[in-house]
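Before anything else, here is the set of structures, which you'll find just below.
Each of the two complexes below includes chain A, the first together with chain B, the second together with chain C.
After this line comes the complex of A and B, so read on.
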């Protein structure tokens, strides 16, 4: 299995799990956690692509809301507290990624000259 | 609540005095940082040669002998003002596709080919028209075409897709172009090896697998990276064909 096949397999597995989560969440889960969504169906297919991408967060929020563990102000407190650090980490991460990219990238092998290993045979037609 | 004298920014009201200077300085630093970063990152990249589709030439029609290497090439026997007789052209289809299916029965036969020229520097290829006029049967006997073996060689360079390298993309080489090149090669666009130094005056050669097979899957992991490899080289007209030995492929150091 080459690198492309491994990446494709991971994407497929992620997508299949996301599809299962989307099916469960949009058929009965969303009615549990959002009363405004009850009896509303047309919009549900529209959020399938989003669920395919972030299904772990959907499962987590579905669990928290369905089990009554949610204390809604906490969501915003946590985010506000983390803003400072995330704001600092992002530019640092960008610089680290760029520096890593520059340091590990290959240089054009201009110093390696072509070498003939064996003589040619007769021309053919 | 906080101190009443703490300046507070409201988008639709004039900025409070102390915040004004902070905002002006921050905006200035932002612009300077991103412009500097853009210039710095851009300066580290290689500048591609002028290249692209030559729609300004218009569709070109030439006649020649199709040869499957297995990737199709055209040995021109009847050219025009732009493409001279004796020239060898690599052929690609529309988008990220080759034209293998359209010429698979035409190996060694005469065909009239119409398409748009792709040009980078002195090298060029033809993007074959997708309509029926793209490949037309021609009556007559194909003249014999010479293949000149050049022996076995050890080379260093990069595996690219011919279409992007020849001008469909800029730069069309390097790691940033890796995904595009892989998709083009999966679509049977002719693969090209860019050599670190020229052989018989040419830096570019069509590459295939050993014994006339398509590029082996193992080579796809090396697309867009700098590799060393061994293979048998031959010349067909003004195009060189490198039949690589996939066992010898490895990334170059550094």
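After this line comes the complex of A and C, so read on.
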């Protein structure tokens, strides 16, 4: 089994576990942790792709909410200061990448005449 | 605002927003594919599948560039706030456009691969040790995966379930994804581009996003909300004449959270500055009909008890206030969300002439 096959197998296993978590969460877990979801069923299929992708976070939040460990002030801790880092690091990264991409471009001189390296394989060539 | 979850919330403004967005996407693809193939010229003759792939790829890049410009523009100038209103639908549509790009690429270049085409995508180029010829596909795979996660967790359910701070952190991955897309293009198609119209548009877009975010961060740092002095658990907000009727003054608490102190018809009330929906800045909203409206997505709260009007159920914490001489002071500990606090009446200020 090569590395590409291993990566794809991990993706498939991740998806299967996500499907099991989605089944359990959407059939009884969601009613347990969110009163707004009770008797609301039409929106639930829209939640499935998210659970397939981030099921470890779903399990963590499900556990926190179901066991009463959710600390309500945490909901209001804004992270506006994080944008300072985005404002500094993202422009640097973009400029470095653009400069790197531009510097490794290979351009061919336009005035060199074509050279045939091997004989034609077919009469039409 | 929600009482019970429904699949997708639409109102007239969102219909208009989505319609404009859809028309923009269709117009871009039409122009790219049929009107200006010579201007955007492809240096070698390409077939329709590759042409389609490039059209959808360019469209996704442009959409993401616009999305990432909206945030800093709205910070700098409030006139851009309406663009923020329905940005999530914009993001979901971008994901579908990017998926179309990936689908055209995989189903063309790997159609006759001897192994599974997704495996072929992963091992087609493994020159990870060099910059020229680096497997730029990996940046595209990362960016597309990120877009899928963000689109799949864009429903309001996820905001409430994960909490706004966790949701925001997760969705901050968009910045990393954008940098990955810049790398995907720079080390991919840009290497082979001889006509520089496309190169110029791409670089201008990326530099615009970089510049706007740098400027917005500097602008926020220079004019950000200030911290007050704390004495015995009470934080000084300012002077009694400082807050205009219907508006608020925002102060940073010792733990880094923000409180918004409102003047509603001569009476002061304080609530958390963070909206329960996406932690939008409530203190930058205005009170209308006794309710403050969040400038980001229009969620409303009564400033005396932090509750959304019935039948809506959103709540934010409230804070106790007091006057100490001419100073307004707020207690640093929040009350649980939805707790009523009696507003503090402001003393009648003497006109300036009389004081003199």
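Note that the second predicted complex is superposed on the first by the 75 of 125 C-alpha atoms of A that agree within 3 Å, B and C clash if a C-alpha of one lies under 4 Å from a C-alpha of the other, contacts with A are read in each partner's own complex, and residues count from 1 in each chain.
The definition used in the following text is that contacts are C-beta pairs under 8 Å (C-beta built on N, C-alpha and C of every residue); 3 or more make two chains touch, one makes a residue touch a chain.
Values in this document were obtained by computation on a predicted structure and should not be read as measured data.
K.L.:
Scan A:98 for contacts with chain B and chain C and give back first, second, both or neither.
P.N.:
both
K.L.:
Which partner does A:106 contact after superposing on A: first (chain B), second (chain C), both, neither?
P.N.:
It touches chain B and chain C both.
K.L.:
Tell me the contact category for A:1 with respect to chain B and chain C: first, second, both or neither.
P.N.:
So A:1 meets neither chain B nor chain C here.
K.L.:
Tell me the contact category for A:46 with respect to chain B and chain C: first, second, both or neither.
P.N.:
second
K.L.:
Which partner chains sit in contact with A:120 here, chain B, chain C, both or neither? Use first/second/both/neither.
P.N.:
A:120 sits against chain B, while chain C stays out of touch.
K.L.:
Of chain B and chain C, which one contacts the greater number of residues in chain A?
P.N.:
Comparing touch counts on chain A for chain B and chain C gives C.
K.L.:
Taking the contacts chain A makes with chain B in one complex and with chain C in the other, which residues are shared?
P.N.:
The overlap between the chain B and chain C interfaces on chain A comprises residues 2-4, 98, 102, 105-107.
K.L.:
Which chain B residues qualify as touching chain A in the complex?
P.N.:
Within the complex, chain B contacts chain A at residues 41, 44, 144-157, 175, 182, 195-197, 199, 217-218, 220-221, 225-226, 228, 230, 251-252, 254.
K.L.:
Using the touch rule from the top, collect the residues of chain A that touch chain C in their complex.
P.N.:
2-5, 7-8, 33-34, 36-37, 39-40, 42-43, 46-47, 49-50, 52-54, 57-58, 61, 65, 70, 72-84, 86-88, 90-91, 93-95, 97-98, 100-102, 104-107
K.L.:
State the interface residues of chain C toward chain A in the complex, per the touch definition above.
P.N.:
Of all residues in chain C, those touching chain A are 2-8, 115-116, 118-120, 122-123, 131-132, 148-149, 151-153, 155, 157-158, 160-166, 168-170, 172, 175, 178-179, 182-183, 185-187, 190-191, 194, 203, 206-207, 209-211, 213-218, 220-221, 256-258, 272-274, 276, 279, 313, 316-317, 334, 336-337.
K.L.:
Where on chain A does chain B make contact in their complex?
P.N.:
Spelled out, the residues of chain A in touch with chain B are 2-4, 98, 102, 105-125.
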